[in-house]
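You will see subunit A twice below: alongside subunit B first, and alongside subunit C after that.
Moving on to the complex of A and B:
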């Protein structure tokens, strides 16, 4: 190995192994989580108004906020203990077992790759809409988004998440500027909430509309759990991960509330529920060219930040599968100079490009949401098993979430409601994905698992679980 | 202007994709497979964050 290091000349390999680099802090964790999610405020959440009206969009904002607060609390506790790349995959491996872990890793890769595809399509469509030029298609912008961000991820995690921090912060500040520019404390001047949302149209489809709205309410916060993928690259996982994740969740709750308030006060629900650009449209409706252009740029930056974080997370989940031989170990290579999972990044690049060119936005988003909700359902079961097998006091935890088991129960119940909502809108996709995961589980159990080094995959130096 | 931007995007995408392929080839020929796949989960936890209650 020393010879190899000499051959490369400038490369230094620390110790006996080439590992991912521990260079990140809580701000990077925040940038990863909020960066992935914030695009949901710029498009996606508003389709819940189409399903159930403007008030339904507000109800799901808070109820789904509760779901994700539970996700963030549960995730923070488990990840501050199982600090490894792969995040929920590594958690599932140690707490539930290999088959669950394999499925969770696939949920992660699907959720993030499909979200990356959706972000790239959104960015391309936004530029084409702004340009209004005949013959201009979104393909070149999609290709540039995916390839440039893959290159950034290839070159190193620190620069990747520094960029994410800056562009996420600009996109977030644009929402705050919009909010304060429309005099939110005065109704009637710019905002007309009391005229646009009346007792007659607040819930046009009744309470079943509220249930149906859950499917798109997920967009307010989808992806905050992605912070855990940085576990092996943060300097102090036990401190940085809970801190960055919880700060991210608080940030998003504030952004979601501001976004709903401004958009609901400027657009009737019939329009709000179908526009692909609610915040950009809100900027236009203020009549200020400055705000319009600011929100256009912020929409692009939010899409970029989300795709960037998704590439980071999907590659680490894929890398972890290779490292445990759940997939060929070829995928577990780390770049000796940039210290990134470069083969996983390169492998997922053409897959994302292919989906972005052939899939439509609705299909990509639905597959992403479905994989995400499957993962959240797992998390509610996972935390119950974690607390049962290793009760408080038996292992060191960086963070202990309060009110256990209430968050797990709330999370599980809300996931069931969300599955029902998805079934109402995309029943065939839900069934197709369930069949896919069932078949791939059979492949893993009967074929692939024989290649796994069974003793090597469990790396946490924990005591035996209670009852074993 | 937008069409020029579109062509620039294709150009940048091709250049960066080729650079990544070149670097991939260079790394894979300079280092052995054992070195490149030597990362192990949890090794830092085991080495420098000793697990104590």
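Moving on to the complex of A and C:
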């Protein structure tokens, strides 16, 4: 390591610049996106049933699915054109401006770190529940999960996402196996939807409950936009990113629909709304020990895959902030051997650990959702600005999404509804977090930005934006 | 336009900035937890008669509750723990003002910075 040196956000060894490795393909992009999100089927989405009833959980499954389809369409166009680590951060930097980019990176880091915390809590709670041993707490399992996955991420992105591909695939297949094992085409034998969801309890709080359910409906798909974080490490960003993201979204829509149908047909909404592991409970309620154990293992694997992807994404967003000097450039070092943003990975590790021990599952999920919705609001405006500054035909796009500006308008409107949903349960939290982002923005704009080079931030080979 | 040359930041300054960000993160996320501001308002609508019928559970639902290890007594607090959605208008207005103000500041300040970036980038050519 004596020959390794760092200058202005890069690592050099023997005079050569070391950067992130381009080793990933569409399957890895799929594994990153679905791996992060799939845990949402194993826990979290069902809290929307608590908020508004089982039917509300189905309504938001589809409506929030529309929100995320818009996210995936918009993201695919912008990211296939702005292929750089940091994903939406790099988009914001080139399209809106440095302060927005700084905020977007923080949204990403918060959303993914708190999602990682939620995953670790879920994993710990699931093991403790399975063990059924008095006095056993989840703390050691949480710590082991976060530390081991951080180590895996430290060691290399290819191995990290290969692991993610395998465990995500197993978890996904378990949902499919559960679905077909309960004879979904027949009601009454195992599934009893008609008796569990009745006109009297389908929407116990009326339509206000449906709106409130949006908060946790986000959890069905939260994190699919994380595929863009791999932009600098995929071999062919213009092809792999749209393909992997869209395939991931289709995969998740199918999984969400199957999950709702099975769970709503197996347990009363009051229980469905509070259980931390609805799919594992569904496995138990089928009466099959094989399915019960399969869903127990799948819950653990889904949590691991999600936490793994989250560490990957949060570290890359933090790394990007350091590389552009938005934060101290110390964070931008690339490991000379493993070619990973190792300092960012290590820096975020104790933050994740701390919150895993002070927040509960519900709160950690809400932290993550809050940052996610702020980010989606930005995305809806960002795509409008992108098309205005560089109209079609002025730059080469890897993918052009159809029906513009409809997806952006749908996304923006659904974000407003989701903000209202969050207000119904976590309004004070939302205000506190927005004030935090506002104050840290003042810090950046009036102090930190003086350390940032101006023209060097714009790295795309594009013409000058229209209107400037 | 002349190229802007940022000052080099000392190691102490870098460490100080890291501390500022970490403290800000913890205050933003931890303080609402500590002050009990996080979490939705649920309360138990208690019933005198704790039977499956009184709890609104049909025989299929009751059978599933029992399979999950619940009795009407233990399920009562789960089933009757309900949200009471009330729109607190002053809080809603504060939230809307804070959010809109934040985004307006973000886009306007970003645009000012962005113009410098574009001017320096494209005037160099």
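Criterion: the second predicted complex is superposed on the first by the 452 of 468 C-alpha atoms of A that agree within 3 Å, B and C clash if a C-alpha of one lies under 4 Å from a C-alpha of the other, contacts with A are read in each partner's own complex, and residues count from 1 in each chain.
By our rule, a contact is a pair of C-beta atoms (placed from the backbone, for glycine too) under 8 Å apart; a residue touches a chain by one contact, two chains touch by 3 or more.
Everything numeric here is computed off the predicted structure, so don't read it as measured data.
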| item | value |
| --- | --- |
| Touching partner for A:351 - first (subunit B), second (subunit C), both, neither | second |
| Subunit B versus subunit C as contact partner of A:131, first or second or both or neither | first |
| Which superposed partner A:281 touches (first subunit B, second subunit C, both, neither) | second |
| Partner chain in contact with A:330 - subunit B first, subunit C second, else both or neither | both |
| Touched partner set for A:267, first subunit B, second subunit C, both or neither | second |
| Contacts of A:440 with subunit B and subunit C, given as first, second, both or neither | second |
| Of subunit C and subunit B, partner touching more subunit A residues | C |
| Which superposed partner A:83 touches (first subunit B, second subunit C, both, neither) | first |
| Subunit B versus subunit C as contact partner of A:359, first or second or both or neither | second |
| Residues of subunit A contacting subunit B in one complex and subunit C in the other | 329-330 |
| Residues of subunit C that touch subunit A when the two form their complex | 3-7, 9, 14-15, 17-18, 20-22, 24-33, 37-41, 56-58, 60-61, 64-65, 67-68, 75, 78-79, 82-83, 85, 87-88, 91-92, 94-95, 98-99, 101-103, 105-107, 109-122, 124 |
| Parts of subunit B lying in touch with subunit A, wherever the complex brings them together | 2-3, 5-7, 9-10, 12-13, 16-17, 19-21, 23-24, 27, 30-46, 49, 51-53 |
| Touching residues (chain side subunit A, partner subunit C) in the complex | 50-51, 92, 96-101, 103, 110, 114, 192, 195-196, 198, 200-201, 204-205, 208-209, 212, 266-268, 270-271, 274, 281, 284-285, 325, 327-330, 347, 351, 354-355, 358-359, 362-363, 366-367, 377, 381, 419-420, 423-441, 443, 445, 448-455, 457-458, 464-465, 468 |
| Sites on subunit A touched by subunit B in the complex | 1, 4, 7-8, 13, 16-20, 22, 83-86, 90, 127, 131, 133, 135-137, 140-141, 143-144, 147-148, 150-151, 154, 232, 238, 320, 322-324, 329-330, 332-337, 342-343, 346, 349, 393-396, 459-462 |
